[in-house]
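Take a look at these structures.
Both complexes below contain subunit A, partnered by subunit B and then by subunit C.
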Partner chain A sequence: MIRKGRGIGCMWYPIGFTVMANPSAATVKVNEDGTATLLTGTVETGQGSLTVLGQIAAEELGIATDDVHVVSADTDTTPMDTGAIASRTTYVTGNAIQLAAEKAKNILFETAAPMLGVKPSQLEARDRKIQIKNFPQKSVSIGEVANRALSVTGEPPIGSASYNPPTVAMDPETGQGKPFSTYVYATQIAEVEVDDETGEVVVLRIAAAHDCGTAINPMLVEGQVQGGISMGIGFALQEEMLFNDQGQQINPNLTNYIMPTSLDMPEIDVDIVENYDPTGPFGAKGVGEPTSVPTAAAIMNAIYDAVGVRIHSLPATAEKVLMAIRENQANGQKQIEGGPAQLPAE
Partner chain B sequence: MDDKVRVAEQQDLDTLESLREADADLRLPAVVEPVAYPLETLTPVARQQTPAVGQRAPRPDGRLHGLGQTKYIDDMTFPDMIHAKVLRAGIASARIISIDVSEAEAMPGVLATLVGKEIPVNSYGPSIQDQPLLADEFVRHAGDGVAAVAAVSEQIAKDALAKIKVEYEPIEPVFDPLEAIKEDSIKVHPTASNIYASKIVKKGDVEKAFAESAHIFEDQYRTQMVEHVPMEPHASIAMWDANERVSLWSSLGRITLGRADMARVLNMPVNRVRMIATIVGGNFGGKNELTTEPVLALLSKKTGRPVKGVYSREDEFISSTTRHPFIMDYKTGVSAEGKILARKVRLILDGGAYCSWSETTLGKACILSPGPYNIPNVHIEAYVTYTNKTMTGAMRGFGAPQVCFAYESQMDDIARKLGIDPLEIRMMNAFEEFADSPTGQVLESVVVKDSLKIAADRFGWKENG
Partner chain C sequence: MTDVTLTVNGKERSASVPPETTLLEMLRSKLNLTGAKLGCDVGDCGACTVLVAGKSVNACLMLAVQANGRDVLTIEGLATAEAFHPLQKTFEELASLQCGFCGPGIILSAKTLLDENPDPTVQEIKDALAGNLCRCTGYTKILEGVVDAARIMNGKQDAA
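Entry: the complex of A and B
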């Protein structure tokens, strides 16, 4: 019989390295026409980080995402970066980029101030213009300012900066300390179907509500959540490296190491929890790793809700779930036999 | 009758033929057809709008992916480029008596071989440098590389591996982490204990709080070893030049530190190493440290040719890092109302043959293991031990999915025992703004309860109850 169940998985996860320094540096150069080039030492590993980093530079300079060309990942040309690890890119590299872009922007403000007859502190960069705060009628295009800075005043609008998250070392005896600058939080709720005759589990849908501070690019956040869930489902139900008694892996191939395909994916509803972290670039934190953290927990709780068995070891393969159901039935049977006279359910 | 059979056979054949055709239609061409670019490339509106933050801006690399034009390492080629393969030990624990590469070197098409002893500094690792690039004295897991071959084709390099003769003196292995942590267990490395890192986090007085608890829950949870399985396996090209400078195109996700590691193992100045990361076809934590880059660099030095090395799927499984299997003991004391008063956790991590990112995984798992809940008394101990298995390292979540499975499973058991709705018990215990974390950190921008409420509303938790 097919039985439905639902379960919650709730989690917290830190951004960046545990205490250890993990800095990023960045350089932002504004070109003659107001477009910009961003130099970063991080690596695009498929998550869309370069797009997000370009958006951060663009936001600080008051230009559009497409106006920023991102150059990345060449140790001969790009500045130091701790890399694509620990869900740190948006937060740590993003902060470095915002600081670098701010420095370039300040040069633009110095150049624009006499053009507009005000002090640099009275200016803001918005919609590809340098304009007077609270008096946007008076403005000059960023391209014009940048060109002037490069070819008239002779001060190219370039900024470089670095960022390292502030932490406090953990006490070796008690572990007390501030190991991370910030954390993110999330909940996933899974609905599953369990066939109590075969033990097979099908994940029907997952509602995922993730905090990432400000979502710099909501579409890419959603992509991360969907990908993380697919990884979480594999961890929960299918994937396992198996070894023989000689310590040799017996399934080092995708025929025998089973992982989720598109056919195993449930319906996913992603919600981005509104939040703003004042320590992040424009309030952003991160989202990469946490998306796959609560999935297995939610699925195991849903299996428990469906068929009343608690899985204590992953993955919950059909064999394991079926064995647990049988054991449960056998125990139930014993209790009925030993208990007060009553008719068995079947 | 015969005709009918023939007709049926004919039909079958037709079906097979049509299936084959359909299959061929579905396959992507091996070489992507060239694209003539339109005069004006459409730029998505979201990429042109200000303010930039908050825009659903498509990725510029998406267009390249869509047109099949993204150049991954395996798509790249250089004049005179050759190919390298690494021989894996296949034995989990042994002393290497001898390695004879002469027959492999004599094969037509083979240009060079490399063994561990030829590597200037044959050890690396992000925190403990306990891993050889190619095992030279001891093999500590079956996926350890013992020798490499560079040849004019990948196939010849692969064939040459079979000609390499390695003599081993087997050593009794240890696979079970609970066996490995015993004092009298076989040691994977020449250390006093197989436990190579540990961490403690404690706050309050758990024993006193257990005594005051209305209910005590004790459970053990275990998780398995899994692989990252990126679509693009580890891949690099090394090019040594006449000025003693080496350039590497690599799938590594951390080039700054990769360059420093390269300079260290090759014993050369950092500015003589250039690392270029291409677009990586999936990382998930598995591409955060060197694998064969220095081996390829030295083969390039030996041959004067660019050398490409791409992992097979089997290499990827048996010799790259994996997710730590955990054994987790949870003891939790709860008040009659469902408030968690105390939690004691012991984590044993199977660290595999080498340290890799185990210290980070251990630390994060330890700190996160009580869950996002206000628990005044915690005592967490975590240990990671060597075993003669594939090394475990960084993988999406650094131990968090493992401990989340444990603390959330027990949370539901607590809810059921106390007759409280699973959503309610979490709302009752969850962190709020300025909560005190297990390490005594005052937490800010905390939205656990919001995430619970939003997910529950979206799911229809109350309606479907």
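Entry: the complex of A and C
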């Protein structure tokens, strides 16, 4: 018989480790045509970080994302970056880029102030223009300001900056401290079908609510969540490295190391819970790794809801679930035959 | 050595290869068409998918000589000088791919599906892509990209 169940998994995840140096550096230069060039050492691996980092630079400079030319991942020419790891890029590299862009912008303000007859502090950068705050009719294009900075005032609009999440030492006695700069939170709910005659689990739907600070690019956040859930489903139900007693992996192929295909994917509802973080670039934190953290827990709880068994070792293969169901039934039978019920060891 | 002549992306291409050479190896090493990827090399992952005579095949499982004299389409031949294929367009707009390693295979498997079944259900799309593994995306935006591409292609067909 097919039984349905629902389960919840919750998690928090740290962003921006502080127990050791974790720096990112960046350089932003504004060109005389109003575009900008961003140099960053981080690596794009498909998650879309260069898009997000370009958006951060563009937002700070008041230009369009398409105006930002991103040069990345060349250790000969780009500034140092700790790397595309630890769900740190948007947060740590993003902060470095925002700081670098701010420096370049301040040079634009200093250059534009006499052009507009105001103080630099009265200016803002928006819509590819340097304009007077609350009086956008009075403005000058960023390209024109950059050109003046290059050829008249002699202070090219360029900014370099680095960001390293403030390190806080752990208390040697209590072990307490602040090992990470900030945290993200998420809840996922899984709806599953379990066949109690075969133990087979099918995930029908996952609803995933993720706090990532400000979602600088919601479409890419969704992509990260969906991808993380597919990894979580593999972790929960399919993927297992098996070794013989010589330590050799006995399932080194994709026919016997089973990862999710398009057929294993449930309907996914992604709910981005925006939560401005004052320490992040425009309030952003991160989203990469956290996405796969609560999935397996939610699925295991849904299995329990469906068929009343707790699976404590992953993956919850059909064999494992079926054995747990049989054991559960046998215990129930014993209780009926043998008098006082024993509490399940849960 | 065996002489193999293929029509690849509309152009006749020839190479002299050892008889055990796979179609994938010939495309990548002899013809410098590296869009089809070498993933598992045993037909599990689908990263090497190309179209031979309009059908999607794992190029790692087909010998080059078996494709002799036939039409081969690789990802390099899908876009024209004027425009992307609708699948490439929707995949770009929706960020359907992340690292992109599976992309050429996924797009060509989806093209085969849409050529044979212009208005597939989501389940039919899932079935058609089940042989193409993707580690990044969870397939969600890939399925959306195929649905949108089908809609665009059908719109064009309706107009014509």
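Observations
Throughout what follows, the second predicted complex is superposed on the first by the 334 of 346 C-alpha atoms of A that agree within 3 Å, B and C clash if a C-alpha of one lies under 4 Å from a C-alpha of the other, contacts with A are read in each partner's own complex, and residues count from 1 in each chain.
Here is the rule we use: contacts are C-beta pairs under 8 Å (C-beta built on N, C-alpha and C of every residue); 3 or more make two chains touch, one makes a residue touch a chain.
Keep in mind that what you see is a predicted model, and the values were worked out from it rather than measured.
When both complexes are overlaid on chain A, the residue A:A296 reaches subunit B alone and has no touch with subunit C.
The larger set of touched subunit A residues comes from B, when the choice is between subunit B and subunit C.
After overlaying the two complexes on the shared chain, residue contacts for A:E239 are found with subunit B alone; subunit C is out of touch.
Applying the stated contact rule after C-alpha superposition, one finds that A:G46 touches each of subunit B and subunit C.
Within the superposed three-chain model, A:M219 lies in touch with subunit B and with subunit C [touch as defined at top].
Legend: residue contacts after superposition of the two complexes on their common chain; A:I268 is shown touching subunit C, with no touch to subunit B. When the two complexes are overlaid on their common chain A, residue A:G199 makes contact with neither subunit B nor subunit C.
Of the two partner chains, subunit B and subunit C are each touched by A:N253.
Applying the stated contact rule after C-alpha superposition, one finds that A:I229 touches subunit C and leaves subunit B untouched.
Counting contacts by the rule stated earlier, residues 45-46, 48, 219-220, 228, 231, 253-254, 259 of subunit A appear in both its interface with subunit B and its interface with subunit C. Considering their complex, residues 43, 46-61, 90-93, 141-143, 173, 175, 199-203, 219-227, 229, 252-257, 259, 273-285, 287-288, 313-314, 317-318, 322-323, 360, 363-364, 366-368, 371-372, 380, 388-390, 394, 396-398, 400-401, 404-405, 407-409, 411-413, 422-423, 426, 430-431, 437-441, 443-448, 450-452, 454-456, 458-459, 461, 464 of subunit B touch subunit A.
Residues of subunit C touching subunit A in their complex: 40, 42, 44-45, 94-95, 97-100, 125-127, 129-143. Of all residues in subunit A, only 45-48, 219-220, 222-223, 226-231, 253-255, 259-263, 265, 268 touch subunit C in the complex they form. Residues 6-14, 17-19, 41, 43-46, 48, 50-51, 54-56, 58-59, 62-66, 72-76, 80-86, 126-128, 168, 170, 173-180, 182-183, 185-189, 191, 205, 207-211, 213-220, 228, 231-232, 234-235, 239-241, 243, 246-249, 251-254, 257, 259, 269, 271, 273-279, 282, 285, 288-290, 292-298, 300-301, 304-305, 310-315 of subunit A touch subunit B in their complex.
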